[in-house]
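Before anything else, here is the set of structures, which you'll find just below.
Each of the next two complexes has chain A plus one more chain, namely chain B in the first and chain C in the second.
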Partner chain A sequence: MTKTSGLRVSGWRGGALAVAALVVCVIIAFVAGRFPVSLSDLVHALWSRLSGQPSGLPASVETVIFNIRGPRVVAAVLCGAALAVAGTAFQGLFRNPLVSPDLLGASSGSALGAVLGIYFSLGIFAIQGLAFVGGLVAVAAVYAVGSAIRAGDKILVLVLTGVVIGSLLGAGIGLIKYLADPYNQLPAMTFWLLGSLAGTDPSDILPLFGPVLVGTIVLFLLRWRMNVMSLPEDEAQALGLATGPLRFAIVAAATLVTAASVAAAGIIGWVGLVVPHLARFLVGPDFGRLLPTAAILGGGYLLLIDTLARTIAPVEIPLGILTAVIGTPFFIWLLAVSHRSWS
Partner chain B sequence: MLLGASALIAAPHIARAATLDDAAGRVVTIPAKAERLFPAGPPAALAIYTLAPEALLGWTRGNSPQERAYLHPEYGALGPVGRLTGRGNTTNLETLLQLKPDLIVDVGSVNRTYIEMADRVQAQSGIPYALLDGRFERIAASYRLLGALTGRQSRGNELADYCEHVVRTCRDRIASVARDKRPRVYYARGPRGLDTALGGSINVETIEFMGAVNVAGETKGGLATVSLEQVLLWNPGIIITIDDTFAANVRNDPAWKGVKAVQSGNVHLSPTLPFGWVDFPPSVNRMPGLWWLGKILYPALFPENLTAVTRDFYTRFYHHAPTDAQIAAVLEGRG
Partner chain C sequence: MSEISNLAARDLAYGYPARTIGRDVTIALNAGEALALLGPNGGGKTTLLKTLLGLLPPQAGSIMLGQRPLASISLAERARLIAYVPQSHAGTFAFTAVEIVLMGRTAHMGLFGAPSVKDRSVAHAMLERLGIAHLAGQPYTMISGGERQLVLVARALAQEPRFIILDEPTASLDFGNQGKVMRQIKALTGEGLGVLFTSHDPNQALRYADRVALLGEGRVLAAGRTSDVLTQRALAALYSAGVEVLTTPEGRVAFLPG
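Right, the complex of A and B next:
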């Protein structure tokens, strides 16, 4: 971290830049879409909600703004923020820039839960509930097994346990897909696993917002300890930090936000892996600034991607595909121009 | 080498037998007897069951108790034998040989992948493998071919004649409807109703055959997800769905109330017992769906009583005369 690049913005100015970018993204997202809604429609509709007076707009425009596009914009921001926050926490905790929120099996567990829900033809709420619980249970299992093994480097054991249990869950998903009805259930599972916010409605927001808020607050309160945690473990312990309970709290909080996001939007890779790097690039490694910046960038990025996903064609483009296709060239460009260490 | 040798051993036995070209133009030996027929996938199982139930070796997946209620008590309850197409194979060839089939039948897409698959299985097992065209308009031709291959020409022709009659009747009636009078239909799948089938997709083959305008049909392809905004923009007058969760919820969903089909009560849940009337499996089960779709799309042109049509088709093809209560349950969408 000795060299700094010209792109680097110091202190809170980086944060201010990220907030400004997010606000612009939200406005674009509200006026862009298959159904035409102009900026003045949006202002009128919002004003009529605030003032309680009729807006004079067609009912379908209000439906689009408040029941379809609005919840979707909110959900995209929340999911993107959640994945970026969880990724930032995991990269700090595991002291490894290649770590993403699904390292300990949260995504695979959620996916297995959702696929089971589709297999048993459950309703939407039950499928999302199973996905959420599946993510929590998977990480709890990884954590329990990893902690029970007393040999060697604790972090390494935890990561390896996550990898093997993740592949076991992957096998479970494969088995359910194999058994599923190929005409009806299999396409539904495939779509779910590719990630989409197409079906978001107002009732989806609370189950997403609650866990994301709680997890993010916990991580933010632990920000100073997180900075110490990114030192080697013996140094952290020498500084008087109880690394065991702290690690548990961080994993629990990050898993909570990841599971809520996957339950709402399906599997979306890339955001949790790369956005933390962009945030570090903007505001540096201090966790207190890094976490909110990553949340804002992640939210803005996924919102932008989701806006594209629902506007460029009459049919939806899966988010998991778009995040990678658009994000990868951008990230490579950033790597090429930054000339600085990413650790 | 081994494969060549086994073909040589088998050769004298089948040398006298006559051959036929299957739908892919492959020369298939007509087996001396066709008492044991192996279906490569669900559409083939249905084709064999309707034509020669006594020769069916089993279903790809077993039928559920609800489905069995509409089928022949013995043949409808046959066990699962797995699938034999592409990488989704769930049968192994040794199990297949143990069943001693006289003929393997596959109904579906006739393309390079399936042709080579058929050639390979035929060479490995020494059992003749016939590929039949699964497209809706080829159902009658496939019945005639299957009848000829299994020595059941008259039964094959009987079923083929029936299908041709239904298809011709529907086509003639629709021909009189002007292009701009054709109803605009959105086909909904998934519990949220936001999965649909694009133009030319096998899932909406019968809807498009019935002359309806598939609102998602401008883009060609298979299944895809769309946003509710897009559905509002299309504003279809009729929604056909196969999802009972969606059908139950859509009427009370404020976000959907802007869609014309929902306002006018034109959301229709497709019958699915014992096999779907609109979508899957892509086989003859969609034949009664033509009458059902006809009544929805062009009420004035299709005055037939669906109960009578259903009883006739089920008795003829499914070998089981349904009761009035069973037919009512089918027409309601769920039994």
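Right, the complex of A and C next:
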């Protein structure tokens, strides 16, 4: 490769930059907050866990690190990575840089599941379970209906089906909110719909980590085929790809990670739309480099947002609001400096 | 693998599920020759190409690749035997030219595979061969239409196929690039590849094809050696338009729409 264009940096430098940004975000997230934890406390606590020797720190510091901030840091990184990976996959698959992971109804399905759970006053695990299943069922329904319609451009049919079923689910969410108790349930629903990691505890990590890991590994294994899938369908087939089964696998994997993320943190827009652009800006469109870079950047970005959400005001600020407030000017700046590199 | 001497359609009917576009088409592309497919807009050329590539199932008749029915050959194996060069388009994402060419190697990789060192050297060799090695690291979205067309030809060559099917390879090219691309395409037949291309310009068929087939309203109106088939009368009938013939003192012929 003789020459790269514009501001794009070489693969490993872009990757190294992303990893460095994530590490900085993690350290800030552990140290920032009302309860003081210093960098040396953090290093000592982590070292004592690794070596098995007592850290000599007050129990309260260890509790904050391992039971309060730790799970929240891990959950933020996982959710951000999941949304960015799913967004990257969908933008390639649908050959459209304006697509986000909820294109096929994953978020609306999850939201309806969660809102139903809150309406029936279920426990937090049942609400998260319903949200996860709701996302999967919604996308499965969109996929089944879209595939049953045998007309014209398959991808266009799928997208339109997603839009239509998404607005039907939106009507369902509206109905439940209308019926909900305005003093107890409605605020909980609104809070959930805007996204938050405030209630994260250690037991939340595994149900999030499992699906995100599985989906991300599947997408990474298919990285080269995903490059080819971003060509028009007849070309991809002429290059030897069975586009139908591949599309199914990519949608299934991306939906799995999206639903897991939405179940854990509620609806957080923006990350899945914009982080892929930032990653492409850094390392180019090849999925072999793009997917890991998007995962790392997405994790770091959402962690930064979550750290701000719990520190800049006396009350928690919903993540969905902060991602937009911080992300929009950043994206506009990116558009201005990157010329065509989002494409 | 035994030598595959041709890609042959017999009594083919083709089109989309609710709409038949062509019927009774018998056409063969032989290894080592260039076959041009001429016909008016909407005559069914692109649909025929897609059917010959196996992207659309035939509605009747047979397509044989050597001794085997095309439909019995897996997508990946087909891609190692027949390559497709579509009309060039800008593309959605800024892959580099060499990444686009590497996509031609997909059928040589496993399901979870990524390009090997060998794949990369094949890709670079194909760019070199078409005289566009300097484009390797350039984003495909930023190069000219002629360069894109050559990159797509390089991608087809990277498939290491026996046959190449090109859909109007010169449609978006300027005068100079038309000659450049067509000369490269013609040169491939010298290495035993069978090349099928569609064109709007009978002169291209005259100059670069060994044989020509005239496709009008979904039927083959005439097929055979270029010099036999391409007459003023045949072209006038095919395009329902006047055709003027110019003949040089050396006996070379060119057609003008008139």
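By definition in this document, the second predicted complex is superposed on the first by the 336 of 343 C-alpha atoms of A that agree within 3 Å, B and C clash if a C-alpha of one lies under 4 Å from a C-alpha of the other, contacts with A are read in each partner's own complex, and residues count from 1 in each chain.
Everything below uses one rule, namely that contacts are C-beta pairs under 8 Å (C-beta built on N, C-alpha and C of every residue); 3 or more make two chains touch, one makes a residue touch a chain.
Note that the structure is a prediction, hence the values are computed from the model and not measured.
Trainee: Could you tell me if A:Thr63 is touching chain B, chain C, both of them or neither one (first, second, both, neither)?
Mentor: first
Trainee: Which partner chains sit in contact with A:Thr328 here, chain B, chain C, both or neither? Use first/second/both/neither.
Mentor: Neither partner.
Trainee: So in the superposed three-chain picture, is A:Pro314 touching just chain B, just chain C, both, or none of them (first/second/both/neither)?
Mentor: First partner only, chain B.
Trainee: Where does A:Pro232 make contact in the superposed view: on chain B (first), on chain C (second), on both, or on neither?
Mentor: second
Trainee: Regarding the shared-chain residue A:Tyr183, is it in contact with chain B (first), chain C (second), both, or neither?
Mentor: first
Trainee: Using the superposition on chain A described above, determine whether A:Phe35 touches chain B (first), chain C (second), both, or neither.
Mentor: In the superposition, A:Phe35 touches chain B alone.
Trainee: Hey, what residues of chain A end up touching chain B and chain C alike?
Mentor: none
Trainee: Can you tell me which positions in chain B touch chain A when the two form their complex?
Mentor: Residue list for chain B touching chain A: 42, 61, 88, 90, 189-192, 194-196, 198, 216, 218-219, 221, 223-230, 232-233, 242, 245, 253-255, 257-258, 276, 279-282.
Trainee: With touch defined as at the start, can you tell me which chain C residues reach chain A in the complex?
Mentor: 17, 50, 53, 55, 75-80, 82-84, 86, 89, 91-96, 98-99, 103-104, 106-107, 109, 111-115, 134, 136-139, 141-142, 159
Trainee: Under the definition above, what is the set of chain A residues touching chain C in their complex?
Mentor: For this pair, the touching residues of chain A are 1-5, 92, 95-97, 150, 221-225, 227-228, 230-232, 234-235, 237-242, 280, 284-286, 288, 340-341, 343.
Trainee: Any idea which chain A residues touch chain B in the complex?
Mentor: Within the complex, chain A contacts chain B at residues 33-35, 59-60, 63-64, 67-69, 72, 121, 123-124, 127, 178, 181-184, 187-188, 191, 196, 198-199, 201, 310, 313-316, 318.
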